[in-house]
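Below you will find the structure I want to go over with you.
Here the chain labels run A, B, C and D in written order, and each chain numbers its own residues starting at 1.
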Amino acid sequence: MTDKVVITAALAGSWTFRSSNPNVPHTAKEFVEEAIRCRQAGAAIVHIHARKPDTGEPTTEEKYLRPIVEGIREKTDLLINLSTGINLKFDPEERGRPIRIFDPDIASLNPGTMNFCLYDFKKEEFSMDEAYLNPFSLTMDFAKIMQQKKIKPELECFDIGHVTNTFWLLRKGLLDQPAHYSFVFGVIGGIDFNLDNLNCFRHAIPPGSTWQAIGVGPACFPTAMAVAIAGGHIRVGLEDNIYIDFARREKAKGSWDQVEKAVKIAQMANREPATPAEAREILHLPKRST
Amino acid sequence: MTDKVVITAALAGSWTFRSSNPNVPHTAKEFVEEAIRCRQAGAAIVHIHARKPDTGEPTTEEKYLRPIVEGIREKTDLLINLSTGINLKFDPEERGRPIRIFDPDIASLNPGTMNFCLYDFKKEEFSMDEAYLNPFSLTMDFAKIMQQKKIKPELECFDIGHVTNTFWLLRKGLLDQPAHYSFVFGVIGGIDFNLDNLNCFRHAIPPGSTWQAIGVGPACFPTAMAVAIAGGHIRVGLEDNIYIDFARREKAKGSWDQVEKAVKIAQMANREPATPAEAREILHLPKRST
Amino acid sequence: MTDKVVITAALAGSWTFRSSNPNVPHTAKEFVEEAIRCRQAGAAIVHIHARKPDTGEPTTEEKYLRPIVEGIREKTDLLINLSTGINLKFDPEERGRPIRIFDPDIASLNPGTMNFCLYDFKKEEFSMDEAYLNPFSLTMDFAKIMQQKKIKPELECFDIGHVTNTFWLLRKGLLDQPAHYSFVFGVIGGIDFNLDNLNCFRHAIPPGSTWQAIGVGPACFPTAMAVAIAGGHIRVGLEDNIYIDFARREKAKGSWDQVEKAVKIAQMANREPATPAEAREILHLPKRST
Amino acid sequence: MTDKVVITAALAGSWTFRSSNPNVPHTAKEFVEEAIRCRQAGAAIVHIHARKPDTGEPTTEEKYLRPIVEGIREKTDLLINLSTGINLKFDPEERGRPIRIFDPDIASLNPGTMNFCLYDFKKEEFSMDEAYLNPFSLTMDFAKIMQQKKIKPELECFDIGHVTNTFWLLRKGLLDQPAHYSFVFGVIGGIDFNLDNLNCFRHAIPPGSTWQAIGVGPACFPTAMAVAIAGGHIRVGLEDNIYIDFARREKAKGSWDQVEKAVKIAQMANREPATPAEAREILHLPKRST
């Protein structure tokens, strides 16, 4: 079973708007339907950022997030992964809400700070030049909540040093081992995708850790291919990539469309997608008393 | 054009027999038909070991090899790559014939010695325990012939030290730069496939060199996936792998069947297959006066 | 000459205080005397952060920095490298002064943002939990000044993604190639030292670039050893490390003491220290009309 | 204690003659005296090839080897490591004698075949062009003897694929884990030394294995430096390197001279040499009933 690939579908994110791909879910109903399709396609986990249905603005307000979480729980056996990233403004209250109010199986935890920018290729200039601030104090606060509530942290690293940062959390006993890492490639301000960088990440994490990788935009499927052959787990979805075929600029019909492609990639590497139950074991999710 | 993938189809080899896959070509007619199908599927090069049509035994005798080479030249624009490897017996005469008698565009050149074995997984014992001997003297002799006849050497390395060995040939002026390397993974006695080993090969070769990689058996398509994302060139074919889907133990209908899959892999990495004319440029084939 | 090692002595920095090592220079006279000793020991470059002589507080005020720069220029042939880093407060005015007012041969340029923290090992808690902000806009402003004034940027990278960031500056033509990189290991919030991380840096930079590496604290001499065998350039000095022998907790008598040790390390790797004139060539310093 | 470095002194080898360095021991008395000096300098293990005292010819004859082994056992607490390599002629009888007749703590075991050559830099030609043959059958025979007699194998790998080969021995239960590996750099026909190749070796071996590295000739001390910072164990000695300072072509006064230098290298990396008793634990030597 260790050869199974855990596929996560990141349904919406904070940065993919309908102007870029009209298939981004906004309403709870759309999120649930998209989740069902992803499950059918082979996903074991959905990663969720809620949106305000009218504007598409990202939000963690309970009234928006609750029906999504409950709808997916009711209709599927998918594992639920909520984000504590949300946006670049340093607002611990808003960012922490998904793990304080809800009990997701998994939640993203960002252990590092970096530039987080957008580039306008037509004007050849930066259209956004911000920093994504994750001081240790914030990361440790979120880690404590997750540890208490038995939420598995997905240690989302945009650079190798972010892995180094997690060693301090391990030292302080704020993470349970084996930990689960997520390597993100292709954000402007973070590390880019290539096999040297991937291998560096793989060797940086503590032995026995599990890991997935995320390639943003054109790096999405090349990253999935590398992950498949290197024994990691795959994340795709409209949050990361609006295309199903970047070279032909063909848009994805939904995150499920990319999950289908991820399954084919896994199979080319002689691996099969894990079910949610298998994913629970593979990722060592903490057992909760029911 | 640098993003194009040069796909080589290794049609037969010395070790794939009809008992393993009935689609291995034996006669010149079968070789030519298989070559045409591979060209249609996206291959730019065919790598050829001739066979005695009645027994399937590998051979470099002119009477068997000539009609294959001439048939492929007549019916296709494929680049032709002949082997100077052939078998494990140290017989320079037989091994050198393809480059002495013929003028292939490319020929394999082995710069290193290693064990070359077979393992019987049912009996859990080695069923063949031989060495593949390539002393420097032999490699240098073949290199000289290729340099004189403007045949591009494909430096076939079964281990990292085989790349180190080529530095001596470069030092002695027996190889023209940029050289073309072929990394072989999965022969018992040679290096196995993983991303660390691939990266080590990539960093070992002189800057500006071109390279392809070959994965034997179950390593075939994972290797092709890694090659596609790392900027190398792909080799597939019944010589290396009898399956189209190893996990399901589904046999390939021919080398062309694997070429089709290789094209899909390249496209997932946002690359397209090169034509033979493009391959000639990408691999810096020496220009011959006609 | 390519085998020569360029040794930089970082005389003071912003974070090493006399309470930690009493040999940190404060006055211009002390800086000049320390520079002379470093030159005699084998350094080709001094990296300078000025201090207010009474308090030891880091400063870029002209009245403090000018006599240091002029004194070193008068008494030695050392190349002068000034910092545009200084402190963690985002104050472009103060940080840019060394390259606006002065004409150093080299100046540090930080292309990335990260946490920059201190840890109290006795209390087992962070004693400082800050971010070091280097938005692209600031880095680009400094790069423009350096390009105009022919000051060589030392691209100081605390993480692999900081190298990725420099690709945007290269794209915009704000850096001349071959560029010079500095890999910093061991700042809390940045990448830590090991051979995987060093190799990842080495392969991340554009081919033909020059590079040095800096190991903070106990990583200082292990980093210098790795640099010596990998063909890079060495930086030592009280800015990075207060010890001459960390295992024995023996303090350095000055940056020159560490330069002497760096020379021994270089020689163990069959390399010799470069003179300032050789360093100018090795690092491709831009030629200025005089 | 895991930070301690086990230093092995290879006193003579088969290829270092008195014409190259007059300090190579020939007689049992010389071997024992050299071993004592190496122990005093910091070595925990001596690796021994016996010589015929009159001619210096390598030999495994009992009459030559016994007084060396017994002399060292009597006068020191050094661990004794005997070679099963000896020479390139395929003579299992002679090669196996040291482990059949004696009970060394450790013995070298070669799991791979490669070219093993010498190059005449004045004539720019190969002065020896041989192969070092180690078929699986031979390696497995030796492994069986060692396992029965509780002799720890030092898996001497001249290339990455030689590590791959050991996986077959592990599969067949012929090696006890954690195994101990020895990476050899710089033999002509094998892999050369650089940090990429070293890292590839480090990541190729099973997790938990111990390892040392050997750099031949000018690679000797650079290899020791890399080993020191990467957590491996050091081997030096006249077998590998006749110099104490290659750049200055200064000959070593003995293997002990190089051991002294190795200790300094270890200390620069904040590590201390292990005693023989510590080495026994670090390398997991099998316990023998006495």
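As a convention for this text, a residue touches a chain if its C-beta (ideal position, glycine included) is under 8 Å from a C-beta of that chain, and two chains touch if they have at least 3 such contacts.
Since this is a predicted model, take the numbers as computed values, not measurements.
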| item | value |
| --- | --- |
| Chain at maximum distance from chain A, centres defined as averaged CA atoms | D |
| Type of chain A:chain B copy interface by residue overlap (half), same or different | same |
| Rounded Å distance, chain A centre to chain B centre (Cα mean) | 40 |
| Separation of chain B from chain D, taking each centre as the mean of its C-alpha atoms, in whole Å | 37 |
| Chain B and chain C: spacing of chain centres that average the CA atoms, whole Å | 48 |
| Multi-chain contact residues (two or more partners), chain D | 196, 199, 203 |
| Chain B to chain D touching residues, read off their complex | 112-115, 117, 119, 124, 126, 129-131, 133-137, 158-161, 164-165, 167-168, 171-172, 188-192, 196-197, 199-200, 203-204 |
| Interface residues, chain C side, partner chain D - complex | 194-196, 198-199, 202, 218, 221-222, 225-226, 228-230, 245-247, 261, 265, 267-272 |
